[in-house]
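Common to both upcoming complexes is chain A, partnered first by chain B, then by chain C.
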Partner chain A sequence: MATDTEDLAPYERWTRGAIQNPRRVYTGLFYVATIFFLITTLFPFYWLLVIALTPTGMLGQIGITPPAIDPGSFVEIFERLPFHVYMFNSFVLALLTTAIVLLLGSLAGYVFGRLTFPGRTPLMLIVLAISYFPPAAFLLPLFELFTGNVEVLGVQSPVLFNTPGAMVMPFSALFMPLAIFILATFYSQIPDGLEDAARVEGTTRLGALFRVIIPLSAPGVATAGVLTFIVVYNEFFFSFLMNDGQAENWAPLVWGILNYQGQYSQFYNLMAAASIVGVLPIAILVVVAQEKIVSGLTAGALKE
Partner chain B sequence: MSPGLLETASAPAKATANWVEGLSETAFAYLLLAPMLLLFGVIAFWPLASTFEMSLRADSLAGAENIGPFVGLENYVDLATGQRDAVMPRPFLDLDQPFRSALTVTIIFAVVSVAIETIIGFGQALVLDQEFKGRRWLRVAIILPWAIPIVIQGMIFYLLFVPGIGIATEPLQQLGIFGSTPLSNPVDSLIIIVIADVWKTAAFMALIILAGLQSIDRSLYNVGRVAGATALQRFRYITLPLVMPAVLIAMLFRTIDAMRVFGLIETVSDCTVVPSLSCMVVQTFGARRYGTSAAIAFITAAIIAVFVMVYIVQFARSEEGLL
Partner chain C sequence: MGSVRLDGITKRYEDVVAVNDVSVTVEDGEFVTLVGPSGCGKSTTLETIAGLTKPTEGAVHIADREVTTLPPKDRGIAMVFQNIALFPHMDVYDNISFGLRLRSFPKEEIDERVERAAEILQIGELLDRMPDELSGGQRQRVAIGRAIVREPEVFLMDEPLANLDAKLRVHMRTELQRLHRELGTTIIYVTHDQAEAMTMSTRIAVMNAGEIQQLAPPLTCYNEPANRFVAEFIGSPSMNTFEGVVDGDEFVAEQFSVTSDPEVHGLADGDRITLGIRPENVALVGEEDEPESATEPIVCRTDVIEPMGNEVFVYLVPGGGEAEVTTSRVDQLLMSVDPRADVAADESVAVVFDRTNVHLFDADTGDAIAHGIAPPSSEVRADDVEGRHR
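== the complex of A and B ==
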């Protein structure tokens, strides 16, 4: 029963099969690419876990697996520094910003999505431009403003440095454009008839917005909210510069992690454990809300 | 601001509600935009104008005032001619050492990382465009890096490359690519930062390109098949031209973003090792050289503004198409 193919070496057999049936090559390529992408995206997370589980004394012997397993780092990170306070601060800052962005962004999204008025396009372009400006271009004046060094009509600006205000305000301005474009897209899809019907029944204009348009656009509001939360939680620039890095002064996650790098520079396992704990809320959010994230990102970027 | 509040409220509130009802559509639009415009005014427009004004003033290192007297464009001229380099941690523009001067290192970073991200993102998008079991989970895996905080992204690559612990350092040293201390070598650190950036943001490229891929009319492929085009030809003559607009938009977004890199450098390496433009702004600001700092900040904004303009012209065109 010896056939041609069986006499050939495996490599040649494979080549011949490939020429006869290119579809198999594409399937093979697809699996290779999938495995490559899985490894490259997930290996760095695995590496964090390896380091986090390694006991402090054995950090020099780390290989592709931990030399010994000791989950103690996950407890220690809350004892050496108040890591839970940094996390709490990040949550409060992200939630406050999300609330402000959704409220102001809903008003603006309604205007851009449903109303026609002179100046609409130029205003949209300005909103768009703001989200792309480098935060560094705003740093000096905002720092002066938030440290009480700016006078307006003889009134000193309040000292907001080391308070949530110094971070929430820049976050809100920088991330509102994304939310506005997502919300405008959703609000514009509500049929006019529904809004008109509510207005005929005596609802005010604002009432129609809050009672008809926003509830009917709940998926859009959720999308904008999830994305805003993620980008604020992830922000670095103002989180780093608008406080002194102390947990009691509203320093967020950025500082919780950097302080481990700075003050416990040999405790790589603590840095890794803190990073894992810091990334957990976002990882959960991504698994739960991946459809929203994908649709929001693509709607924001590919608005036509 | 619940609706019930508006309707059951007292007489002045009712009067306000009536006043709002009587406004023209334009006036109503601007009334609703007012809070947003106020916030943008304080957090964006005023700071930008103020940064420009500061950039026209001298540094003031002594005395109570942070800002010196008006000097016109002196800061810009000094930065461009290299006369300011002596007082900065790293030069602003020095073509003889491109990896050590702020403007060149930022441009190198942006061009290299966006180019690699486009290729990897395209690959990821092609894989995600297929129908297969577990697609949802592959998508989670690919998005995950995009969603993590910059400081944790930086920490991961710090731990991958810090000598003694990092698993990736030794092989690269044996290959002769890295020196003995990669995190304080400008070229080695730049390579690490590019890898970290690609790891995190290729997913963004992938999602935008995927959206472009999925908007392609599938019947075109059948036409191609009937006409005898091979899979490669179908990709070359159908997929590529149709997905190009999405790729370009994604590249533009990423370039704008890459030009403002700061936190990743601060976490993985150090701003004096890889001196990006934002790094220089923060460092000169930390040294109380407000005039210099403001000038670099405004130059950064101006460079980014050029890219933003390209996008905005594009956007305005599509908006007009809608109206």
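== the complex of A and C ==
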């Protein structure tokens, strides 16, 4: 055997080694795959950074590295536009939506997760079906409604265009079903005895929900909350169409980034810098909350 | 004050009747146990009292106040659950004081009450622990502590000892009795363990199929069971029962007969009856514990002998038939004898029943006809028997 190996060409020897000892190949493939995924996910961020660091006049000469490094864009974005206001708007919209979704979703989750009543499953399916519709399907009627063009029994609909209501309401409606689903799964796993105990001790059903069931479902509530927050913070469609793009009219982050397009020139470096600044809060949130999110999602998946 | 009255409580689920027209009055300070096999409706009855379940029909009164539609928190009750149900996200102190904090008691009073409860239950050093750091017995004490700090009018306990190991269960049984004596609060206790029911209660309510079979002090249930179900459920090992008919002055079962005076019990020839006799009321002929009012000797073959230490259980096959494989309960007679008695497996013995402890049940309805049967002839004083007649 030993003499055989010595006679073989290096390539053949390597192949034979790989067959006899596949662990080395697996390790190698693991690194190849990991590096591939790291590059595909991280390269866009690197590219954003390259563009953001390139001075305005040299945007045509970008290579794999910036032709010159000028971090001035990160300051300029706040000078040209009140970018911090756009970010603040996004933050407020996301927080408001998350609060509404968690509050109403908890009540609905309690009902769907802990009570039995006729028609529970069909009702849950109908609620979930709402989230399957493309948001565009709701746009025209909602736009008419929020711009005061709908009259019901002689009462004109309120003009919510350019206010948070025009965005928070559709967001809440669209992202509520998923939250209800996650929360219902979690709430249904709290033993009945604990709720009974709380009620005997002196809470109402609602009190038991807030004092016992929700605290014990913290990972689920965190998951639903963080997912809603991220989705709303990044939302484009309604954010773009339900206001006129002015920071003082509750235009969110995406409007801020798009507003660096001038009529005659595109400030790509500013847009890139704004994107990086805008994505930072979410990146931090994900890093902080990721353990809870993962445990929340898998807990929902594993039980039952 | 802490009395509980149930008026015709019925609980129907879609097609099942869990509790059927149950009416009970529990006096202040009583320890009443609802006992019965799984699914007999005892827990549902308790939940109805607690307000966790709404009865389909009937009314619940606690402390002379109708509470049928009140939520659990307004009923003046505290409850200990089978799965203990401590709040896992709160430490022992917070668990015990949960109800008091909800009712906004002043901080000093909460402290004082928690301390007193902790002292009674000997859990003073556990107050800052979390429930998952406690042993089963400690958790049970905390759950009881949570119930007693609120000084409720009525305690409800739903199989609180079911999840404890055997030794701890016996220990907690005595503790609960002591607690009841110290606090004097009404306790309604649910269990499927007839030993718990017998040892702790002032009265037992034996339930089956959603109905109360008998509500009486433990010894009455034991000595004068209202029907065959109670007779077989209360007592361990349970009562021997034999199907039989009345024939002349005899009760004739399949393999043996017992002479009596059926007329005294209002029975006529051909009436179908069930004979019941507890293992300790069966005696070997010739032993010193042979009763005065013994029946005629019944020849049996001994099958299995189970020495328990303080007594010996002997499985007998009446009629002296072959003691082969006779696992069917119907034709076996269980006898409990003194450990010094001279018995061995697979031999022929003669046994007698103690007449005063032979129970007669109607074979069709299962209702008790008599506890203690009359001797055969009229030489007996009939009123003596009449006295035990129900």
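The rule we apply is simple: the second predicted complex is superposed on the first by the 272 of 304 C-alpha atoms of A that agree within 3 Å, B and C clash if a C-alpha of one lies under 4 Å from a C-alpha of the other, contacts with A are read in each partner's own complex, and residues count from 1 in each chain.
One rule holds for everything that comes next: contacts are C-beta pairs under 8 Å (C-beta built on N, C-alpha and C of every residue); 3 or more make two chains touch, one makes a residue touch a chain.
Remember, it's a predicted structure, so these values are computed and weren't measured experimentally.
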Exercise. Specify the outcome, clash or fit, for chain B and chain C once both structures are aligned onto chain A.
Key: fit
Practice problem: Once the structures are superposed on A, label A:P215 by its partner contacts, choosing first (chain B), second (chain C), both or neither. | Solution: second
Quiz item: Touching A:T203, do we find chain B (first), chain C (second), both, or neither?
Solution: both
Exercise. Determine, under the contact definition given at the top, whether A:A251 touches first (chain B), second (chain C), both, or neither.
Key: neither
Quiz item: Looking at the overlay, does A:G193 come into contact with chain B only (first), chain C only (second), both, or neither?
Solution: second
Exercise. In the overlay, answer first, second, both or neither for which of chain B and chain C A:M169 touches.
Key: first
Practice problem: Tell me which of chain B and chain C touches more residues of chain A. | Solution: B
Quiz item: Of the partners chain B and chain C, which touch A:A272 in the superposed model: first, second, both, neither?
Solution: first
Quiz item: Is A:L183 contacted by the first partner chain B, the second partner chain C, both or neither?
Solution: neither
Quiz item: For A:L142, is the partner it touches chain B (first), chain C (second), both, or none of the two (neither)?
Solution: first
Quiz item: Where does A:I230 make contact in the superposed view: on chain B (first), on chain C (second), on both, or on neither?
Solution: first
Self-check item: Closest approach of chain C to chain B (Cα atoms, Å)
Solution: 6
Quiz item: Which residues form the common part of the chain A surface touched by chain B and by chain C?
Solution: 203-204, 207
Quiz item: Which chain A residues qualify as touching chain B in the complex?
Solution: 22, 26, 30, 33-34, 37-38, 40-42, 44-45, 47-48, 51, 59-60, 62, 64, 103-105, 107-108, 110-111, 115-118, 120-121, 123-130, 132-145, 149, 169-170, 172-174, 176, 180, 203-207, 210-211, 230, 233-237, 240-241, 253-254, 257-258, 261, 268, 271-272, 274-275, 278-279, 282-283, 285-287, 290, 293-294, 297-298, 301-304
Self-check item: Residues of chain C touching chain A in the complex
Solution: 50-52, 71-73, 77-79, 81-89, 98-99, 102-103, 146, 150, 156
Self-check item: Touching residues (chain side chain B, partner chain A) in the complex
Solution: 1-3, 6-7, 17, 20-21, 25-26, 28-30, 32-33, 35-36, 39-40, 42-44, 46-48, 50-51, 54, 66, 123-124, 126-127, 130, 132, 136, 138-145, 147-152, 155-160, 162, 164-165, 167, 199, 203-204, 207-208, 210-212, 230-231, 246, 249-250, 253, 256, 259-260, 262-264, 266-267, 277-278, 281-282, 285, 290, 293-294, 296-298, 300-301, 304-305, 307-308, 311-312, 315-316, 318-322
Quiz item: Can you name the residues of chain A that touch chain C in the complex?
Solution: 191, 193-194, 196-204, 207, 212, 215-216
